[in-house]
Amino acid sequence: MCESTAATAPDLDTLVARAGLLVESLPYIRRYWGKIVVIKYGGAAMIDDALKQAVITDIVLMRYVGMKPVLVHGGGPEITALMDRLGKKPLFVDGLRVTDRDTADIAGMVLAGKVNKDIVSRLNAAGGKAVGISGPDGGLIQARRKVHVVSSGPKEGEQADLGFVGEVTAIDPAVLYTLMEAGYVPVVAPIGVGAQGETLNINADSAAGELAAALGAQKLILLTDVPGILRDPKDPSTLMSTVRQGQVPALVHDGFVRGGMVPKVDACVRALQAGVPRAHIVDGRIPHALLLEIFTDQGVGTMVLPDQCCGGEG
Amino acid sequence: MCESTAATAPDLDTLVARAGLLVESLPYIRRYWGKIVVIKYGGAAMIDDALKQAVITDIVLMRYVGMKPVLVHGGGPEITALMDRLGKKPLFVDGLRVTDRDTADIAGMVLAGKVNKDIVSRLNAAGGKAVGISGPDGGLIQARRKVHVVSSGPKEGEQADLGFVGEVTAIDPAVLYTLMEAGYVPVVAPIGVGAQGETLNINADSAAGELAAALGAQKLILLTDVPGILRDPKDPSTLMSTVRQGQVPALVHDGFVRGGMVPKVDACVRALQAGVPRAHIVDGRIPHALLLEIFTDQGVGTMVLPDQCCGGEG
Amino acid sequence: MCESTAATAPDLDTLVARAGLLVESLPYIRRYWGKIVVIKYGGAAMIDDALKQAVITDIVLMRYVGMKPVLVHGGGPEITALMDRLGKKPLFVDGLRVTDRDTADIAGMVLAGKVNKDIVSRLNAAGGKAVGISGPDGGLIQARRKVHVVSSGPKEGEQADLGFVGEVTAIDPAVLYTLMEAGYVPVVAPIGVGAQGETLNINADSAAGELAAALGAQKLILLTDVPGILRDPKDPSTLMSTVRQGQVPALVHDGFVRGGMVPKVDACVRALQAGVPRAHIVDGRIPHALLLEIFTDQGVGTMVLPDQCCGGEG
Amino acid sequence: MCESTAATAPDLDTLVARAGLLVESLPYIRRYWGKIVVIKYGGAAMIDDALKQAVITDIVLMRYVGMKPVLVHGGGPEITALMDRLGKKPLFVDGLRVTDRDTADIAGMVLAGKVNKDIVSRLNAAGGKAVGISGPDGGLIQARRKVHVVSSGPKEGEQADLGFVGEVTAIDPAVLYTLMEAGYVPVVAPIGVGAQGETLNINADSAAGELAAALGAQKLILLTDVPGILRDPKDPSTLMSTVRQGQVPALVHDGFVRGGMVPKVDACVRALQAGVPRAHIVDGRIPHALLLEIFTDQGVGTMVLPDQCCGGEG
Amino acid sequence: MCESTAATAPDLDTLVARAGLLVESLPYIRRYWGKIVVIKYGGAAMIDDALKQAVITDIVLMRYVGMKPVLVHGGGPEITALMDRLGKKPLFVDGLRVTDRDTADIAGMVLAGKVNKDIVSRLNAAGGKAVGISGPDGGLIQARRKVHVVSSGPKEGEQADLGFVGEVTAIDPAVLYTLMEAGYVPVVAPIGVGAQGETLNINADSAAGELAAALGAQKLILLTDVPGILRDPKDPSTLMSTVRQGQVPALVHDGFVRGGMVPKVDACVRALQAGVPRAHIVDGRIPHALLLEIFTDQGVGTMVLPDQCCGGEG
Amino acid sequence: MCESTAATAPDLDTLVARAGLLVESLPYIRRYWGKIVVIKYGGAAMIDDALKQAVITDIVLMRYVGMKPVLVHGGGPEITALMDRLGKKPLFVDGLRVTDRDTADIAGMVLAGKVNKDIVSRLNAAGGKAVGISGPDGGLIQARRKVHVVSSGPKEGEQADLGFVGEVTAIDPAVLYTLMEAGYVPVVAPIGVGAQGETLNINADSAAGELAAALGAQKLILLTDVPGILRDPKDPSTLMSTVRQGQVPALVHDGFVRGGMVPKVDACVRALQAGVPRAHIVDGRIPHALLLEIFTDQGVGTMVLPDQCCGGEG
């Protein structure tokens, strides 16, 4: 006999309890089976190694239980790091970074050439089949320079040139369908192509919102570094777990939503307008936040949903 | 705001722990993704209501995480119950029940008309898409009368007529592929068709073994009411968690395997001979025994595997 | 030379006449090529062995000349026989049999486990490729308990509980398309599944009508034991060979249609309402009644057709 | 009511007898379902109008009951008629017509431009879907000039130039598969293309044999104006209903097979050598000879079959 | 070393210039990639051998660079030649040839049996994959006798019987799609089938216009023997390179368009009405006139286009 | 009338001559229709803007005339430029650059994030549909660290660590087939993934050779900055236009092939060994060198072909 494989009898109670947990995930698996879920991956979840591994595993698991995840990633810290090494000083207008040609190139290289491929390698190592692309590939993301109107100071009301920062004008999702049908998980670097073929940096949250809209996704999940939308930013217990689309303008106006949260909320609204049923702003610092969002009723963070009230499914 | 959906913040630690358990199942999901698993469903797991529901859920889950389960079921107690109501007395030769034409019909009705449809209804209610068939459907199971040689007594060595009990002569799995490709879980009543079109009862374990062999399944799992093969039938701690194909004759000869366990072990060997890599005799009295077998390294019960030693995967 | 195969010269005139008959069937073959024909199989044609064989052959022939037959069968006599053996006494309300849980189970077993599989085996033996299913399979027939309003007596106007007798609420024909596309002839036992998963007996004529409607069949044929609708039930020469949909209420009201003929006529009307162009009530006691219906202009029995008069095709 | 459609009750006995005949054809339909049958159409069956219509109907029927007929036709009389009108005198070497460039052109026009299209129109009118092509189309028939060795006279043993008469060097059946898969009946004019693109007349029997060989047909049927191979050409009762491939050389040598029968027998042998199981020389003067060959056990005419004796199927 | 293949160094400047020309064709290739172009082939381009070869090569090239050419051909001179040999005198009514049954047969033979197959052979020899068909094939062209109203003389205003000359009543393009999808270039002889199955000669320009309309072609090109529509027929410098659909009636009325140009212009208008964006009347005496039409901005000859003015693409 | 589009009559002679050139390309288009051609793009052709545009157009043209180009690119100068900006000093062992972790990352970013996307954008702007990927995507290029044996000096014979420079161990071409079948031109950055998921720089010539081998390409073309293999490096007139695979070792040994030409010649031999029929080292400084290689008999540069002598096709 093959003694080496004759394991000791397992502790049955523990095992049975674990099986029970697995079974509890069935309703969620059924709900999202065959559905597209667009995920914006960024913040702490891209820096901390354990969190990074958790996100990667979550996505591979989503793929294997029948969902179609599409990943959009940022890469701010790595861009800043390379700019520092190159001695480039960031320039700001109205609190917004001005992106010159060289900065845009650096960002493109870091995003599409490094961050994107790292994520792809990790997904592959975890058993997923990933392919990394960016805006130029298959004409995925067409964009134009974003116009910024200065909000205060001597130039108030004038248009400021923020350089090679773009906003999406059109999405051609064909290459994503090609990859998904062949079983690949697409990983998208948020770079757009302008009318003259120039590279434009796109905010990753906005890109995710546009992709979710164009793909008719079932869900948009934005990973961030805060618990969600808070009534009192200093008090996590004031988390708004549900926000209606129609509440958003007031929340922005009243200052509950500001800074980097604004493009996130805008991305949610953009996706909802296109028919995506649910959008989520989720705390990426919680391990397996993606799975928690998908496989529990409560979810984590803030869910933005259309105004017609209270459909039951999450 | 939509207060009714503003849930209290979840207990994150518990949730994260649960997500971690889900993630631990990923390697097993990957291993069996797209693979056929033939399951013999019978015994206590078909009687106790909670166990029944657990098996049903396990199979639906297997389907949703990408496996292709094929279910073969028995139905002994329900057959006996109907025979009792009809006042039929069982007849035995050499300890084996003699099945006359009428008994075979009754068994066929109970198996294909009641037990099979109950399982199908339960699978559908649990979110699976099941279709129940039996041997005549699409010519699935062709069979001939089984010849029994009397092993003792005055007629020792003579052939005894056991009636309409059959052994499989050929499997045409086309209808199973048709159903599985359309996303259905096939549920098979173990009834064969003889050369003259007569209905023959087939031992469910044997039918499962033959189907696993014909389908090139990745795994055969036989649910039973004992912990597995025991060195000492009275002492569960003597469970043999691994048995090599080549050990089986000695185990039978030495009496470690006897009674209803013999056809189970034979079914395992039959499947292994056709290239099925692993066959399992599993204690169906443990809740979620199927998931435990598939989603843990230890498994539960006895694994029968080919003689070439010790491939790591379970 | 191979003398054994050197046959005597055939009688050419006979052969040529036979070929001519074959050729006469061409227009009918062309008309129904690729079309779905739903057949309710019951009555004498399921009891007399020669008639049974004729129906089976007719269906296999229909399949081979390009039609897509779907068979729905009854099974009354066999159900009654088993109930007799079990000593169950039928109970009637208002002339309708009350079906308790046990009776429904017995009917289910006989229909799905015996009659259905017998038909499948016979079709296979005749060279067809048949698969037998019933309501639970693939969620084919969803049903609810039928409400009966007592028509006379002290409880007139009250609702009576007829037990587990159902009426169809929804058909999901997907499993039928799956089987037909793979070349199988579906054989359907008329059992429905209620909202709680309970088994409900469905009148086979009604089930056939609903299936014809859901499948957009080209024809519905109901085999019965009378020549069709007769103006004088005692005089076969009063057969109404054609009845318009709009005539049906008056025929029922005036008593020309009554008893078991009512659900048949209702099934015809149900199918016509869903766009099925022709429905037929055919005398199953005539050998090859199915072929006669399809391969002759006169047809046999009563044809029910929409009110717009007199489209030429039969 | 719609009196106009209320037909008189049919004569049931006649109808039932006719249905019985239809049913007798089932085994033959099953045998050839999905199979390719190559038919050489020529002789009386192309001249007599009733026979012509019978052949056309037979082929449409074959198509509708699931066979894949491929038609190859001759056209001798029409070619001769046009040559007469053009005042061209046929020239003979060794009893074989010498085909000059002009004659080959005339034959090509008559075959591909008139006879072929007449057959196509008739098949379409009878409900078939036919497409007529010839050797150049899709490179179907490649050929080279046939070499003739003078068999007697002063030039005995010398090669004689018979002009633009060809023998097949290669078949590219792709265009036939394209047409058959789209449901068309291919009708082929026996014209080959030489290496220099020149048109070459091919004997229609030979072309049929080569096509049957290249397509892996299930059957080759050559329609002719004699009962088959006769031991005594003047006595139809000496018909050889079966001839083994190995008998052919002796039959030719001994003069039982001569004249126009030689290329027919050669075509049969060519097809058998390529694995076609049966080849038939059939009397096209019998109405529906094609159906009789396919739908009866005796067949009509002479069947040529491989030397291994006596497989049962015809 | 393999000296025989060691070529002398090429004259690079010449080669580079040639590559540049190839590159200039790219925008045209992209514009017509995957598009259907219907070409009427006739006149000088079918007589002069060098022009013939140029047309053939042009079409094969079109096919290989991704277009889907469909060829419709005439054959007037060859028909006249055969009629001369047969001693048939043409008869005219109102300047139009009267086509008796015999003449129609002769035309059919020449067109479908000779001209069509010659073109197919040449296309195949040039590396195309061509299949030649005509109106009866797959029911491609249905037609009826054309009614002619006598325009002058004693019978003015009466209908004259022109015999077997037809006008298209319906096109069934299915066989063309079947052939194109399999990669074949369809070559169509302009013969129609009447309601009684009779063969009717169709003007090739008209047939091309109808096919372009039915296929939703991207372009219709009619090859002719004049430079296009001329303001002064004697002065090629008065070529109208562009004509709007709405100008056509006046051009006919004023006599700028007359004779054989009338059916050409009508065919263009017919195609435009069905949505074909551009139709061209091109001088087939210019070598590679087809390529010049497609691969240059100027085109050659007269382009007829819809009334909405001046879309840029040619 | 629409005067604005009434162009002056074109200069026909010029146009006809141009059409003739187009036609001359037909044999080459036919030869490579549907075939995979792997192209290593680098050197001057990636720096000079006019040359760059010519390569881009050539590839789009190849795609539109039916070939399947796969592009592999280098990026040396841009890598060096970024390293200079970062103040990194290259380190050499035995004349080979040592690549530390940071250098490998920089190279990866430049190649996959900048050069790759620039090429993709240019191809898209020229009307191609391109998607840029690199080794990690879909597990395309698996690699291991390359072992270098010091060839001279005190450490002669010892293994030197060159850092993150890899050699290909396996190619999984699935993602390339997925993209090509959907009509995309794949553009590949030569980055491999090691067993631990680490990024390894791969020589672009080697990567191209391996991809050609794995894809069963019809042709491998390496663009370089010299005329090809020269007998006297200083004398372009000593170009060897043809080299047999078997000559390569002697050419290296005798010093005719050295430096950067060695990996090119090795890549050719690697591809030939895997059955690629022809490999070419082509002077990328010649405009449209790719088209010249494919669309002329002489080709440009050096062709490496298998040892069996002198197959005619280029």
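Every chain is named by a letter (A, B, C, D, E and F) in the order it is written, and numbering of its residues begins at 1.
Here is the rule we go by: contacts are C-beta pairs under 8 Å (C-beta built on N, C-alpha and C of every residue); 3 or more make two chains touch, one makes a residue touch a chain.
These figures come from a predicted structure and were not determined experimentally.
Minimum number of contact steps separating chain B from chain E: 3.
Taking the definition of touch as given, a chain qualifies here only if it contacts chain D and chain E alike; none does.
The fewest steps needed to get from chain C to chain F, moving only between touching chains, is 3.
Taking each chain's centre as the mean of its CA atoms, C is the chain most distant from chain F.
Annotation: 57 Å between the Cα-based centres of chain B and chain D. For this pair, chain C with chain D, the centres built from the Cα atoms lie 44 Å apart. Residue positions of chain B with contacts to 2 or more other chains are absent. If the chains shown are joined wherever they touch, the resulting network closes on itself as one ring, and no chain has more or fewer than two partners. Residue ranges on chain B touching chain A, taken from their complex, read 1-2, 4-7, 9-10, 12, 15-16, 18-27, 29-30, 33, 54, 57-58, 60-61, 64-66, 126-127, 237, 239-244, 247, 286-288, 291-292, 295-300, 309-310.
Of all residues in chain A, those touching chain F in their complex are 85-86, 105, 108-114, 116-117, 120-122, 124-125, 129-134, 136-139, 174-175, 178-179, 182, 184, 189, 191, 193, 197, 199.
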